[in-house]
Each structure stands twice: as C-alpha cells, then as structure tokens.
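Which chain is which? They are A, B, C and D, in the order written, and residues in each are numbered from 1.
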Amino acid sequence: MAGYSGSKHDHAMRLRRIEGQVRGLQRMVEDDKYCIDVLTQVSAATSALQSFALSMLEEHLAHCVAEATLKGGPEADAKIKEASDAIARLVRS
Amino acid sequence: MAGYSGSKHDHAMRLRRIEGQVRGLQRMVEDDKYCIDVLTQVSAATSALQSFALSMLEEHLAHCVAEATLKGGPEADAKIKEASDAIARLVRS
Amino acid sequence: MAGYSGSKHDHAMRLRRIEGQVRGLQRMVEDDKYCIDVLTQVSAATSALQSFALSMLEEHLAHCVAEATLKGGPEADAKIKEASDAIARLVRS
Amino acid sequence: MAGYSGSKHDHAMRLRRIEGQVRGLQRMVEDDKYCIDVLTQVSAATSALQSFALSMLEEHLAHCVAEATLKGGPEADAKIKEASDAIARLVRS
C-alpha cells in the first residue's frame, strides 16, 4: 500500500486537471496562439505538477519514512537517502 | 501567425508525449505505485514541460522579438519586457 | 545543538566557496565582463547554494525529524510539516 | 562595453547584499542555528541571485541581442542561441 492511499482521490483529481492543462496547451499550439500566452500556460502546468509532487512528498515523509524510522536499522537510513535524492531531483527539475 | 509555425508539428508531438506522461502518472496513483517512483515520473514530466517552454521561447526571441526590434520604437521595448517577464515566470515556476 | 553539527566544518567550507563565487561576480561586473559569462557564473553559484541546502536538508531529516518521529505525538507531525514547507520554498526558489 | 553599463552600480549593490546574505549564512552555521532557519535564508539568497540574473538577462536582450539583430546575419542567430542557452541554464539551476 502506498503512503498516499488516504488522499488517492485528491491526487487523481489534481492529475486530471493537469492533463486538462496539457490538452489545453495542445489546442493553443494547434490554434497558433501567441507564444507568450502558451508560455504562461506552461508555467501554470509546471507549478501544478510541483504542488502535486510536494503534497505527495509530504505524505511520503509522514508515512513511509516515519514508519522506517520507527523500525530503525539500515532501512531507516536508506529511506532518508532515497527521499533526499527525490527532493534533489525536484529542486533541480 | 505565431512565431513557432515552422515547428508546430514538433511542439504538438512533444505535448502529446507530456500528456502521455501525465496519464501514466494517473495510472501509477490508481495502482498505488510507490511514492518515490511517482515523484521520479513527475520530475521527468516537469523537465519535459521546461524543455518545451525553452524551445518555444527560443523561437519567440528569434521571430517575434527580432521582428519588433527591426521595427523599433516602443513596441520593441515592450516585447523585450514581455519576454523577460515570461522568462522570470519560467525560472520561478 | 543543530542537526548538522557533525558536518559543520564542511558546511562552513562550502559557504566560504559560495562567498568567493559572489565576490567573483562583483569583480566581473566591476570589470564589465560579458553578460553571458556573468550569467553562467550566477548559475554556478545558484547550483552551489542548492547543493548546500539539499545536504543540510538531508541531515535535518536524518536527525531532527527522525528524533521527533521517535518521540511521536503532535511534535512529530509539526516537524514533518515544517520540513515540507522548507522543501516547498527550495523547489519554488 | 557590457550591455549592463548603465546599471552597473545597481548590480554591484545587489551583489554586495547577496554576499552579506552568504556571510550571514556562515554565521548561522557557526552559531549552530536551527536547520530550517538556515534553509529559509538559503532560499532568500537563491531568490536574490535569480532576480539579479533576470535583471541582467533583460538588459542583455535589450542591448547586446537587439544590436546583433539590427546588424543581422549569422551573428544575430548566434546571439539568440547563446541567450537561449543561458536562459536554459537559469531555468534548470
């Protein structure tokens, strides 16, 4: 079971909205919309993806990482390293 | 006509791939995939959106902004301000 | 005691290098260096600050957040919320 | 002469403030300040560096790139490619 089971419905809704934004971008390009308006819409979609990631990450820390910490041992350290690497990918993407 | 008409097909293809990545994210959440794997896929989609934006921005500078510069006057300055604001939104999103 | 005491010397060294990069930027501007070369150096300093932040964040998760988790109760939740907010600021800055 | 000569003094002032922020970070680490407070200060310094970069980039577009566009030829294309690459480094850093 994933650490985000309690908010699965919220995550699915968010992602559907992001899919809608990306389809909107396709229509904008199809209709030759002005570059700057397309770029504004890309920034909105990127921000929405980041908010989704941040909310999933918070649940991961609160559930998966916290559980591993309570068990202790090398798996706890591995979970923190893994979460830190995911945070680095988010910060750099 | 938008500044990216010559590469409209490429842009449409890129956006379709990004839509596919977002639909893939929906399936991952639906199937309770591990948070970290979901986050890795979000980073990939975010990077793809940024690459799309950077390519559209380069065409905007090469066409719309360059044309305004050749005409000169206040519209040239306005185009550069407008492009700079779009760049700021990308850097901060 | 801060969660990063063990690596305080490393952090101090990193920050001194970043200070050196920012002083180098001042010399570049003073000497009218080419804009693009200045921008390349800004990207390097920004990346160095992010690496410093990511390394401090990993230690924070491994020490402060892990200790709060072991104690449990509302303070554990508060620590995770606080760390998530700090991650959000990093992702968005 | 660099494209930012008119605002050299402003740029120098901004960079001195950023140097002050990085020195402040060194004092925070020296004094074992709480990780989250250090991270908040890193986000502030990163944002200040990005604002500096965005302002320098706008001047570069308004002066160096605009001049190359007016001259035309392969150098104009090269300047736009060069600026786009610098923007990509900023977006990804």
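We take it that a residue touches a chain if its C-beta (ideal position, glycine included) is under 8 Å from a C-beta of that chain, and two chains touch if they have at least 3 such contacts.
Per UniProt, the chains are A, B, C, D = Metal-sensitive transcriptional regulator.
Remember, predicted model here, so these are calculated numbers, not experimental data.
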item	value
Chain of greatest Cα-centre distance to subunit D	A
Interface sides of subunit A and subunit C: same vs different residues, half threshold	same
Distance between the centres, which are taken as Cα means, of subunit D and subunit C, whole angstrom	18
Distance between chain centroids, defined by C-alpha means - subunit B, subunit C (Å)	28
Inter-chain centre distance, subunit A versus subunit C - centres from mean C-alpha coordinates, in Å	21
Where subunit C touches two or more other chains, by residue	50, 53, 57, 83, 90, 92-93
Subunit B to subunit A touching residues, read off their complex	1-5, 8, 11-12, 15-16, 18-19, 22-23, 25-26, 29-30, 32-36, 38-40, 42-47, 49-50, 52-53, 56-57, 59-60, 64, 82-83, 86, 89-90, 93
Complex interface listing, subunit A residues touching subunit C	50, 53-54, 57-58, 61-62, 65-66, 69-70, 76-77, 80-81, 83-84, 87-88, 90-92
